[in-house]
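Order as written gives the chain letters A, B, C and D; numbering starts at 1 within each chain.
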Amino acid sequence: MSFHTLKDNGVVVVDVDGQLIVGNRQELKQKVLDELEGGERKFLIDFANTGYIDSSGLGVLVSLSKKIREQGGELRLANLNEDLRTLFELTKLDTLFNIADSRDEALSSF
Amino acid sequence: MNRGSASRRSDADASGPEHFVLELPSDLRVIEAAVGYLVGRCRAASFQGPRLDLNFRVGVTEALANAVLYGNARDPRKTVKVEVSLEPNRVVVSVADEGTGFDPGSIPDPTRPENLHAAGGRGLFLIRNLMDEMQYNERGNALRMVLLREVPPSRTGRASG
Amino acid sequence: MNRGSASRRSDADASGPEHFVLELPSDLRVIEAAVGYLVGRCRAASFQGPRLDLNFRVGVTEALANAVLYGNARDPRKTVKVEVSLEPNRVVVSVADEGTGFDPGSIPDPTRPENLHAAGGRGLFLIRNLMDEMQYNERGNALRMVLLREVPPSRTGRASG
Amino acid sequence: MSFHTLKDNGVVVVDVDGQLIVGNRQELKQKVLDELEGGERKFLIDFANTGYIDSSGLGVLVSLSKKIREQGGELRLANLNEDLRTLFELTKLDTLFNIADSRDEALSSF
């Protein structure tokens, strides 16, 4: 698993390669919080290359979204495959997040 | 010379009903590798598709995480034992920790509006919804989960294909 | 309901001669956690100092790495089994893989000048020099290592303290 | 385990926090090779915060040292504790490396 970050037109885009689970969620959290502290306000997490997410991974997304909103920013998600969508629907977290089909869709409407 | 151990290892190659075991240190870093091993064994027995990639992977990850974090409270002297039976139509996974257990009946529903913004509390819910059966022993330190290979008509979770 | 598993877990709490087991997926990422678990168990039995921190840690790491890399050739369907007996004066560790074994007699000495610049080939040498005894089974897939708690008079390896 | 890199007077200093073993040696290797590719020639690996090293870790040091020398550079090691020194002595690798007692000693003589 690894995380890659790039900036696209003022949006911090984080790619999650591999699993987002209890063993590594802290890394993602720290990365995003560092950017938030550095003044960034628009965040997109791209799951195109993500294997699976567990409840800890979902929890990190919920708490990041909250922290970003508290600073007047926004977190969006993109490229959830069918399995990941099922997880968000089961847990009703699909009602909490702005979930775009593609990275471009998420970026163009920020 | 540890012949006992050596011969036990070669028995593992004999075919028959698939039964396999892991005994793991209480360390979150082993979870991904352990789940990878179990998924590999299932796949080799031609169990595949979203029931393996989603339901099995996430359900087993949750059970292992709870065993390490809560059951064994990351105590470096304790292990987590995983036993898997791969049967023709289903897979049975037992995850046992060395903790004092808990009351799984007392866990709130994470999909209620007042819980939706909580960072935690979705693990047991996911196990319950992704697996076809789940049951703790009386003490609450051993969880037995059953996943059917094919989607049963009226259950939550994705259909194959 | 998996009572069998649950009761086996509670037996582990009973005192007596310390014997513990790990069964691990063939994945390099589990090695550090596994060694951490074993060291923690040893330390809890008041085995400590450089014989634990250096000799035991490095010797067991080498044995696990060889079992994963060569014995099981990282085959995701195979596991590595570790058995430890913690006796009053020594610890006995057996590491067994599911490979076809090898001939440990044929490994060249890595400290010879012509081998000194090689990137590999120091694992068995370290086990041999850090442990007080080491012996493979006939097949070569199970390694039994013995480490005394106190430095024996005429062995390589650091003295306690 | 984690690696931290800094540059001190033209020397790339790498701190190894935790273990340098078979599970993570590639990370160290890649980090140093990237710097070598980027034109750096003087390297110091500081083991002050290192727990233990296994034969794979030793092997990475040997192969990095060779690659750096091939480019006309030099690799030095510093702050080996008594356990780590024992490993280098057992394997006779103490004859292959420039090993300094402290970071300052290594840096001042580069």
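In the analysis below, a residue touches a chain if its C-beta (ideal position, glycine included) is under 8 Å from a C-beta of that chain, and two chains touch if they have at least 3 such contacts.
Quick caveat: nothing in here was measured; it's all calculated off a predicted structure.
Q: Using only Cα atoms to place each chain's centre, name the chain farthest from chain A.
A: Most remote chain from chain A, centroid-wise, comes out as C.
Q: CA centre of chain A versus CA centre of chain C: separation in Å?
A: Chain centroid spacing, chain A to chain C, equals 41 Å.
Q: Which integer distance in Å separates the CA centroid of chain A from that of chain D?
A: 36
Q: Can you work out the whole-Å distance between the CA centroids of chain C and chain D?
A: Centre separation, chain C to chain D: 26 Å.
Q: For chain C, what residues touch not just one other chain but two or more?
A: 29, 32
Q: Multi-chain contacts only, two chains or more: what residues does chain D have there?
A: Residues of chain D never touch two or more of the other chains.
Q: Which category does the touching pattern between chains fall into here: line, ring, star, complete, or other?
A: Looks like a simple chain-to-chain line, open at both ends.
Q: All pairs of touching chains, please: list them by chain label.
A: A-B, B-C, C-D
Q: Looking at the complex, which residues from chain B come into contact with chain C?
A: So the residues of chain B in touch with chain C come to 1-3, 5-6, 8-10, 12-13, 20-27, 29-30, 32-34, 36-37, 40-41, 44, 76-77, 79, 81, 83, 94, 96-98, 135, 137-139, 141-142, 144.
Q: What residues of chain A sit close enough to touch chain B in their complex?
A: Contact set of chain A toward chain B: 1, 19, 21-24, 51-56, 58-60, 62-63, 66, 82-83, 86-87, 90-93, 95-96.
Q: How about chain B: which of its residues touch chain A in the complex?
A: For this pair, the touching residues of chain B are 28-29, 31-32, 50, 53-54, 57-58, 61-62, 65, 69, 110-111, 116-123, 125-126, 129-130, 156-158.
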